Amino acid sequence: MKDIYIADLASFEEGKLFDGFFLVLAKQQRTTKTNKPYLNLMLGDKTGQLEARVWEPGDPRIAKAFDRGDVVKVRGCASRFDDRLQLKVDQLRLALPLEVDKSDLLPATSFDVAVLWSQLLATVESLANPDLKRLLDAILSEEAIASAFREAPAARGLHHAWLGGLLEHVVSLLGMAERVAAHYPLLDRDLLITGVILHDIGKIRELSWAIGFEYTIEGILLGHIQMGVDLVEKTIATLPGFPDHLRTLVLHLILSHHGKLEFGSPKLPMIPEALALNFIDDLDAKMMAVTTEFEKSIREGKGPDELTGKVWSLDNRQLLNTKRWLGEDRE
Amino acid sequence: MKDIYIADLASFEEGKLFDGFFLVLAKQQRTTKTNKPYLNLMLGDKTGQLEARVWEPGDPRIAKAFDRGDVVKVRGCASRFDDRLQLKVDQLRLALPLEVDKSDLLPATSFDVAVLWSQLLATVESLANPDLKRLLDAILSEEAIASAFREAPAARGLHHAWLGGLLEHVVSLLGMAERVAAHYPLLDRDLLITGVILHDIGKIRELSWAIGFEYTIEGILLGHIQMGVDLVEKTIATLPGFPDHLRTLVLHLILSHHGKLEFGSPKLPMIPEALALNFIDDLDAKMMAVTTEFEKSIREGKGPDELTGKVWSLDNRQLLNTKRWLGEDRE
Amino acid sequence: MKDIYIADLASFEEGKLFDGFFLVLAKQQRTTKTNKPYLNLMLGDKTGQLEARVWEPGDPRIAKAFDRGDVVKVRGCASRFDDRLQLKVDQLRLALPLEVDKSDLLPATSFDVAVLWSQLLATVESLANPDLKRLLDAILSEEAIASAFREAPAARGLHHAWLGGLLEHVVSLLGMAERVAAHYPLLDRDLLITGVILHDIGKIRELSWAIGFEYTIEGILLGHIQMGVDLVEKTIATLPGFPDHLRTLVLHLILSHHGKLEFGSPKLPMIPEALALNFIDDLDAKMMAVTTEFEKSIREGKGPDELTGKVWSLDNRQLLNTKRWLGEDRE
Amino acid sequence: MKDIYIADLASFEEGKLFDGFFLVLAKQQRTTKTNKPYLNLMLGDKTGQLEARVWEPGDPRIAKAFDRGDVVKVRGCASRFDDRLQLKVDQLRLALPLEVDKSDLLPATSFDVAVLWSQLLATVESLANPDLKRLLDAILSEEAIASAFREAPAARGLHHAWLGGLLEHVVSLLGMAERVAAHYPLLDRDLLITGVILHDIGKIRELSWAIGFEYTIEGILLGHIQMGVDLVEKTIATLPGFPDHLRTLVLHLILSHHGKLEFGSPKLPMIPEALALNFIDDLDAKMMAVTTEFEKSIREGKGPDELTGKVWSLDNRQLLNTKRWLGEDRE
Amino acid sequence: MKDIYIADLASFEEGKLFDGFFLVLAKQQRTTKTNKPYLNLMLGDKTGQLEARVWEPGDPRIAKAFDRGDVVKVRGCASRFDDRLQLKVDQLRLALPLEVDKSDLLPATSFDVAVLWSQLLATVESLANPDLKRLLDAILSEEAIASAFREAPAARGLHHAWLGGLLEHVVSLLGMAERVAAHYPLLDRDLLITGVILHDIGKIRELSWAIGFEYTIEGILLGHIQMGVDLVEKTIATLPGFPDHLRTLVLHLILSHHGKLEFGSPKLPMIPEALALNFIDDLDAKMMAVTTEFEKSIREGKGPDELTGKVWSLDNRQLLNTKRWLGEDRE
Amino acid sequence: MKDIYIADLASFEEGKLFDGFFLVLAKQQRTTKTNKPYLNLMLGDKTGQLEARVWEPGDPRIAKAFDRGDVVKVRGCASRFDDRLQLKVDQLRLALPLEVDKSDLLPATSFDVAVLWSQLLATVESLANPDLKRLLDAILSEEAIASAFREAPAARGLHHAWLGGLLEHVVSLLGMAERVAAHYPLLDRDLLITGVILHDIGKIRELSWAIGFEYTIEGILLGHIQMGVDLVEKTIATLPGFPDHLRTLVLHLILSHHGKLEFGSPKLPMIPEALALNFIDDLDAKMMAVTTEFEKSIREGKGPDELTGKVWSLDNRQLLNTKRWLGEDRE
C-alpha cells in the first residue's frame, strides 16, 4: 500500500532512504559528462510529479523491463540540486497488481465524486424547462459520457488539473450560477445552468488521462469547443421537436464561453446568459488558481509576508494571501 | 406639476401640441441656411434629453431671459427629422418655483434611496472586523459625504447614469459580494464588503450633477481612483491605531478595482478580494448595460427577432434578448 | 422590361425624367423641418442601391400599398445633394408579375452560374481520394444545398457581395488551389480542394438573400464556420466507414480557414493544406476587393493619377491602379 | 579596509588566491550530484554581485554563524564555469565592525551626494512661485524624508540601481528641465521643477535598501506613484492657504509621469509640464541605460565593432557605441 | 490689398457684408433639396480655410471662369449653420495680378525665414567634423533643395502645417539638440545636429504646396524617409573619401527617427544620437501641437476652466492650459 | 575527403570513435567546476552545427594554433548530456588545403545553383517590358552582384538558412509569380517578376556568409530593404530615360514587401503587384519552414502521430504532417 507521497518528499531529510510506489510518466536514457549512462525518469502520484535519476541502470536491483505507464516500487532518497528536489533511485521493480490503489497514482479531486455527481443530477432534475431537461438527461444518461465526465480533468497542466477536476469545476459553477441567476432577474436560470453543465463537455474528448494528462490529436486540431458543440448537436438531432431557438442558444453558450475571439471562442457572448457564464467560469478558474498557489506557498515554507511565485494564468502576477498577512494564521 | 415626460414623446403624433416642464441643459444661437436666426436647445428631464428648436426666437411668447440650468415651461409639438425626434417650441417661459418637483428633472434611480441607504448601513453594521467598521462609519457618518453618496450618478453618460446611480450600483454589488464570499471561503467577507462600498467613492468628487452630469476639472486631472484613495487615507489618519496592513489592503482594493493598467488602475489586483471585486464590479456594470439596452429596444419598437444596437460598453457588440426570443416559441 | 439601372443614374442630367423598375429594400416615414411628411426609400437593382425621396406621399400617383420586398415601377429624376446622388420620385406603382426579370433586381455574378457549377463538379470528379469524393458528392448532390450554393453571396456588404458570389469565389480558389498544389509537392491536392469547396459552405445558412443580403439570427449567434462544420459532420455520419483521420482534417480545414483566432477561427492552421487554404482565400478576397475598387474609381471619373478611396478590407489603405498609372489606358 | 572589488575579479587569473570583504545578499544550503552538501552564496559590494560556492562548509576555517545581511571577510579565488564567473571560497569569517566602510558594500552613485543635495536645494531656492517653494521646503526639510532621498536607489535591479541613484537621476533631470523650460516658453518652469523633484519621491517608501534593493510589500500593493501622491497630499494639508489649482496640478504631474496607462500611470499627461516631464524622465532613464551598457561592453572586452547585448529597457534592442565605432577611442 | 482674413470672420456679425481675397482650394457643383444648383467652394488664406456657398451661380456678378488654384475677390457675409461657420458669396471675380500678395494666401510661419535660414547655416558652419560639414554644405548649397527647404510645410494637415514649417521645426530642434548634447556627454553633437537637419529633408519631395498642401503620388508610395535617404546617398556618392561608417550612421539617423516600426521607421534607433533625435523630434511636434490647440481654444472663446478639444496627435487627449488656469492671464 | 556529417552523428553509438572534418564556428576557453580548463567549440558542416568539448587542451594531439574560421580534422565520439548531443574531442589538427571540399562545410541548397541561375536569367529574358528588362540585366550582369546572389543565404538562422538559399527562394517565387499572374489578369506580370527578383537583393549586403551566417553592422543599422532600394536607385541612375513611374513602382515593391509596418516595411503594399508579392513571399517562407520541420521530426524519430516542435516562425504553433498521419508513409 502506498504511504509515501511525492508532496511529502520536500520535507524529507536528504539521503534518508524510503520505499514508495509511483507511476512512470516518462523514461529517458542519458549520459553524464563523463560518458556514464543513466536513466532519467519522471515519476508521479496523486500529489505531484518529480524527476528521478537511476545512476546505476545496470545494477541487478534495477528492473530492466519497465516503461512509461507502468507502476513501480522504488527505494531511494531525496536530494536537492540547484534548489530543485530530485529522487535518487537505488532499487526499482514493477509493482504487483494489488499493491497499489490506482486512485493514488494520479492527482484527483479532494471531493467525493459520487456526491458531486448527485448534486449535478439534482440540479438537472430541478430544471423547469422540459426541453433543456430532456437534452441534459439524454447526454448524462449515456454511460460512456457520464463516466468520462466523472473522471476527466479540467485542464492538462498537472498543477491545476486532476481526475474529477471537470466535474468539481462544473459543480462549483452550478453554485455560482444559482447565486447569479437569483441576483439578476434578467437571466434565464435554466439556460444558464445548461450552459454551465455543457460548456466544457468537449474536454472529455479533447483530453486523455490514462497516463498523465494529454491532449488527443483530434483535440488539438478541433478543440473542446467544437467537440462539445458536435456532441450536443448530435444529441439534439435525436430529440424530436427540440425547439430551434433553444438549440441555437445552447450552442451559442458553448461557442462563446471563452469570452473573446483571441481566447478561442469563435463568437462573442451575445445573450445575457453567455455573458454571465463567461464571468463565472473565469472567476472560478482564477479562485482555483489562487487557492492552489496559496497552498503551494505554505507547502514551500514561505512566510505570511512573502508573495507567491508568478502565476502564469494571472499574467505572471504575484499574489498576497490576505488572511495570513492579516495575521489570522499567526497565533 | 410635470405630467409630460421626454420618454413619452416618442409615441406622440407629430404636430400635436402639448405643455411640459423641462431643464435647459444647453442653449445655442444658430442660423438657418437662409440666414434666419433660431435657438437650438437641449432639454432634459428624468426620462432623457431631447433637442428642441425655437424657430421664432423673437416671438413675444418666447422668454428672452433664460439660460442653461433654468427650468422652463414649454408649449410645442414633436417632429421627426431624418429619423431623429425633435421638439418644435412655440412658447417658452421660466417655470415658477413651485410648479415642478426637482426630482422630476434629472434621471434618477427607480429605487427608494432611503431603502438603499439603510441596506448599506445595515451591511456596515454587520461587519465583524471592528477596524473596517470604524472606517466605514467614519466616512458614511460625515454628512457631506453621505448626502453626495446618495445623490451621485455612477457615470457621466446620460444613458447609463442617473441620480442615485452610484448607491444603486454599490447596493447591487453588496448583494453579489455576499453571494461570492459565501461561495468561496478563500475570501475575507468584511474586506470585500469594504472594497465594494469604497471602490467608487471618489466619484462623488470626480463628477458634478447639478445640471446634467459632468466631470470636474480636478476629476479629469486626478480621477476617482486617486480621489477615493485620498478620502480614505485622510479618514484613516484620524483613526488612532488603525492597523497598517489593513490600511494597505483597503487602498489596494480601490487602486486595483478596474482590473487592468490600461483601464486606469495603477495596480493589478493582487489579493483574492481585489480579484473578486473587479469581477463583480464589471459583471454588474454589464448586466446594467444589457438591461438598459433591452428596455431601449422595446421602447423603440423593435421586435423579438431584432438585435439591439451596437453596445459601446460591450465592444460594440449587438445583443439578443433571450427571454423575448424564446417567448415566441412558447405560446 | 428593365432598361434603366442604378449604376447608369450617376451620369444622368439632374431633373431629366425617366421610368425604371426597382426592388424596395427599405421604406420609412419621415418629416421635413417644416413638419411635412415624406417617404424615404432605399431602392435597389443588380447594379447597386440608391436612396429615394417621395416628397408628396399623398399624391394619387403614388401607390399606398407597397412595402419592403416589393418590386415597383417608378417615374422620377436624379438629383445631387451634398455630393450624394438621390432619386426624386414623382410616380410609383407596384410592378406587374411579368414586367421584370428577378435576376435584374439583385446584384449577381457576371459569370455564367451553370458554367461555374460544372467546373466545380468536374473538379470533384477529378479527385483521387474516394472518401473525399464521396463526401463532396453527398453534399453537392443534395438539391437544397446545391441550389443555395449556386445562389448565395459571399458576404453581406452590397459592394463586395452578389448572387452567385460564393460560387464565383470558390471556383476562383479552385484555380489557385490547383496551381499551389502543383507548385508545392508538400500539399495533398485532394484535401486542399476539399477545403476550398467546403470552407465557406456554412454561409448558405449564415446569410439570407431573398431581399437584399442579411445575416440570419442563427448565423449571428453561431457563425458560418460552426454551421459549415455541422453540415459536414452530419453528412459524414451518413457515410459508413469514413476514416476518422480524414474527418478530423476536413473539419480542421474549415475551423482554421480564417487563419487567426481574432478573425473568428477557433483553431490556427496546423497542417500544410490549412496554411495554404488560408493564404489563397485571403489573397482571392483581396484581389476581388482591389478589382472592385478600381472599377469604382473609373465609374466615379477619377483619373489615372488618383488613388482609390480608403479600402476598409485593406486597413483603410488607398490603392494605385498600376496599369492605368503606367499609361496603358491612356492612349 | 576593502581593496578588492567584485568588478575587478573578472580580470583575475583563475585560481589565484585573494582576500576581500563582501556583503552577504543570499545564503542557501545545496547538495552536489554526489550528495555532498555545499553553500551557495550571493556576495555583493558597491561594484556588483557574484555567486560564490563554499564546497567545504564543515571546514573549521568557514564560520558557522553568518547570515544574509552580514559583512564577511573571504579568502578564495575566481573560477569560470560555462562562461559565468564564480567565487570559490576557502575561508570565511565575519568582518569586524571597523574593518569595512559601509559605503563600499552597496553600489552607490559616483557623484558626491552632498553636492547633488545642495544643487537640489539651490534649485528650490530659485523658485519664484512661493507656494511651490513652501511645499518643497516642507517636504525636503523633514529629516526622515531628506535622508531617505539622499540614499534611495532609483530602481531595484542591481545593474541600473545604486544608493543615491534617485537623487542623481533627479538632479540630472533638473538640468534638462531648465534647458527645456528655457527652450519652450509655453512651460511653467517652477511647476516643471516641482514635478521633477517630486515625481519619484514615493520610491523612498516603495523600496528598501538596507541589504540589497527590494520592494516593500506596501510598495508592491500601492506603488510609488500612490505613495508619492499621499506624501504630497498630507504635506499640503499642513500648509494653510495652499491654492487648490496648484495642488491639483502638482498631483497630476506625479500621477501622469509614466506617460501611459499601461506603464502604471492612472492618468495621461494633460498639461504641457506633464508632457515635458514624461519625456525628459524617459530620455534620462534611457541615456543612463545606454551609458551603463557601453561601460559593460568595454568591461567585458567587446571590440568597437561589436554591438552591446540586448537591452531589456529598450525592447531588447542591441546598441552601437557611435564614438568608439567612429574610431575616437581607437588610437 | 488683403485686409480681411478667414480667422477674423469667426467674430463677424452674421449678414454683415465685406470684401476679401482668397485662394480657391476646391470647387464643386451641387444641388439643393429642391433641385436648385449651387457652388460649394473651399476658400483659403494664410489664416485658415472656410467653406463658402454661391447660391446663385447664374448671377452675372459671379465669374464663370475660375477654378481650383485661382485667387478671387469675393463679396459676401458670414453665416453659421449647425454651429459651423460658412461664407455666403454674393459677388465673385478673379483677382488682378497685383491685388494680392501671394504670401497672404497660404498659411506661413510667423518667423522670418531669412533669419531661420541663417541660423541653420551658422549651425552647419559650427560643426567640427569636416565630413559632416561637407555633406551638409553640398546639400544646402544646391539651390533647388535650399529654396524648397525654406518653403516646405512640415506636414499636410492645414492646422498644423504652414509654409516654412519644416524649417521652423528644424531650427527649433537645433536649439534642443544643442541643449541635449551639452547635457549628455555621451552624445556626438555634430552627428546629432546632422540628424536634425536631414531627418525630414525627404518632405521637400513627399509634399507639394503650390495650392494647399498635398502628398505627391511618389511621396505616398515611397515616403519621406526613403526619399531623404536617397537624396543623402546620392550626395555622398559625389563626395570623394566620405567615410563609410559616417555614411551608415547618418542614414541610420534618418531611417530610425520615427522611433518605432509601426510609425514607419524600418529600423529602431540603435545609437545614442538616434535615440535622442527621436525624443526631441517627438517632443517638439507635441509642444507645437499643444501651442496650436491653446491658441485655437482662445480664438474659439473658451474660458480658462475649459479643456481643449480632443487632440488627434495626442491620442485624442484633451489638454488644460496650465498658465491660464493658474490665473496668470486673468487679471 | 569528408564522409562523416554532423547530421549523421545523432544516430551514432555513444563512445564509438570516428574521424571527421569540420569548420570551427566558435572557440572559447572555459573551466570545469573543479577548476580544470577545457575548450568549448562550435563545429559546423553543411548539415548542421554541434557543440564540442576538448577536455584535455594540453594534450599534444590537440593543435594549439587554430581559430574561428579554420577547417579542422577531429577524432572523437558522440555523447549525450541532458538530452543534448555533444562531441567529445580526443585529437584535433588543422586540415590540409585539399583534404576538404569547401562546399561540404556550410549548409547549401540541395538544388544545382547553375540551373537555378539559368532559370532566373531565362525569366528575365522573357520580360516584355524593355525598361524592366534593362534594369534587371544591368543588375544581374554585374559580376560582384551575380556571384553574391548565387551564394547568399536567405536568412541568418542556421536551421532555415543555407548557401544559395536566397536564389532558391527567388526561383521558387518566380514559379508562384507566373501562376498567380496567370490567374489574376489584374496583375502586371513583368512588374511582379521584377519585384520577386529584387525584393531581397539587399540581403547580399545585409548578411555575410564567409564563416557561418552573420549580419554585417551596416546590415543591422540600415536593413536589407534600404540596401536593396539603394542598389536599385543607383542602377536606375545609370539607365538613361528610365521612366519615373516605373522607378517608383519598383522601389515601392521592395519597400512594402514585408506587408506590415511592424515587420519593418516602411510602406504598406498599395498596388496589386505589391499585395501579391507579399502573399507569395510569405507563403513560400512558410512552406519552406513546414518542410524543414517535417524533415526534422522524421530525423528525430518522431512517429506519424506526433506533432512537430513549436515552430517559431509560425507563432510557436505545432504542426501535423498530413500525409504521414493519413498513412501514406506507413506501409
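To keep things simple, chains are lettered A, B, C, D, E and F as they appear, and every chain counts its residues starting from 1.
In this text, a residue touches a chain if its C-beta (ideal position, glycine included) is under 8 Å from a C-beta of that chain, and two chains touch if they have at least 3 such contacts.
The model shown is predicted, which means the values in this text are computed figures rather than measured ones.
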(request) Tell me which chains count as touching both chain B and chain F. (result) A, C, D, E
(message) Please identify the chain with the largest separation between its CA centroid and the CA centroid of chain D.
(response) C
(message) Just to confirm, which listed pair, D-E, A-D or D-F, duplicates the contacts seen in A-B for more than half of them?
(response) D-E
(message) Shared numbers divided by all numbers used: is that above or below half for chain A and chain D, i.e. same or different?
(response) different
(request) Among all other chains, pick the one whose mean CA position is farthest from the mean CA position of chain E. (result) A
(request) If you tally contacting C-beta pairs, which comes out ahead, A-C or B-C? Let me know. (result) A-C
(message) I'd like the Å distance between the centres of chain A and chain F, where a centre is the mean of that chain's Cα atoms.
(response) 44
(message) Roughly how far is chain A from chain E, centre to centre by C-alpha average, rounded to an integer in Å?
(response) 62
(request) Provide the list of chain B residues touching at least two other chains, using ranges where the numbers run on. (result) 217, 220-221, 249, 270-271, 307, 318, 320, 325
(request) For this structure, give each pair of chains that are touching. (result) A-B, A-C, A-D, A-F, B-C, B-D, B-E, C-E, C-F, D-E, D-F, E-F
(request) State the interface residues of chain C toward chain E in the complex, per the touch definition above. (result) 14-15, 79-83, 88, 305, 307, 318, 320, 325
(message) Considering only the defined contacts, which chain F positions touch chain E in the complex?
(response) 217-218, 220-223, 225-226, 229-230, 233-234, 237, 244, 248-249, 251-252, 255, 261-267, 270-271
(message) Touching residues of chain B toward chain E in the complex: what are they?
(response) 28-33, 35, 37, 217, 220-221
(request) Write out the stretch or stretches of chain D touching chain E in their complex. (result) 172, 175-176, 179-180, 182-184, 186, 188, 191, 243, 245-246, 249, 268-273, 275-276, 279, 282-283, 286-287, 290-291, 294, 307, 314-315, 317-323, 325-327
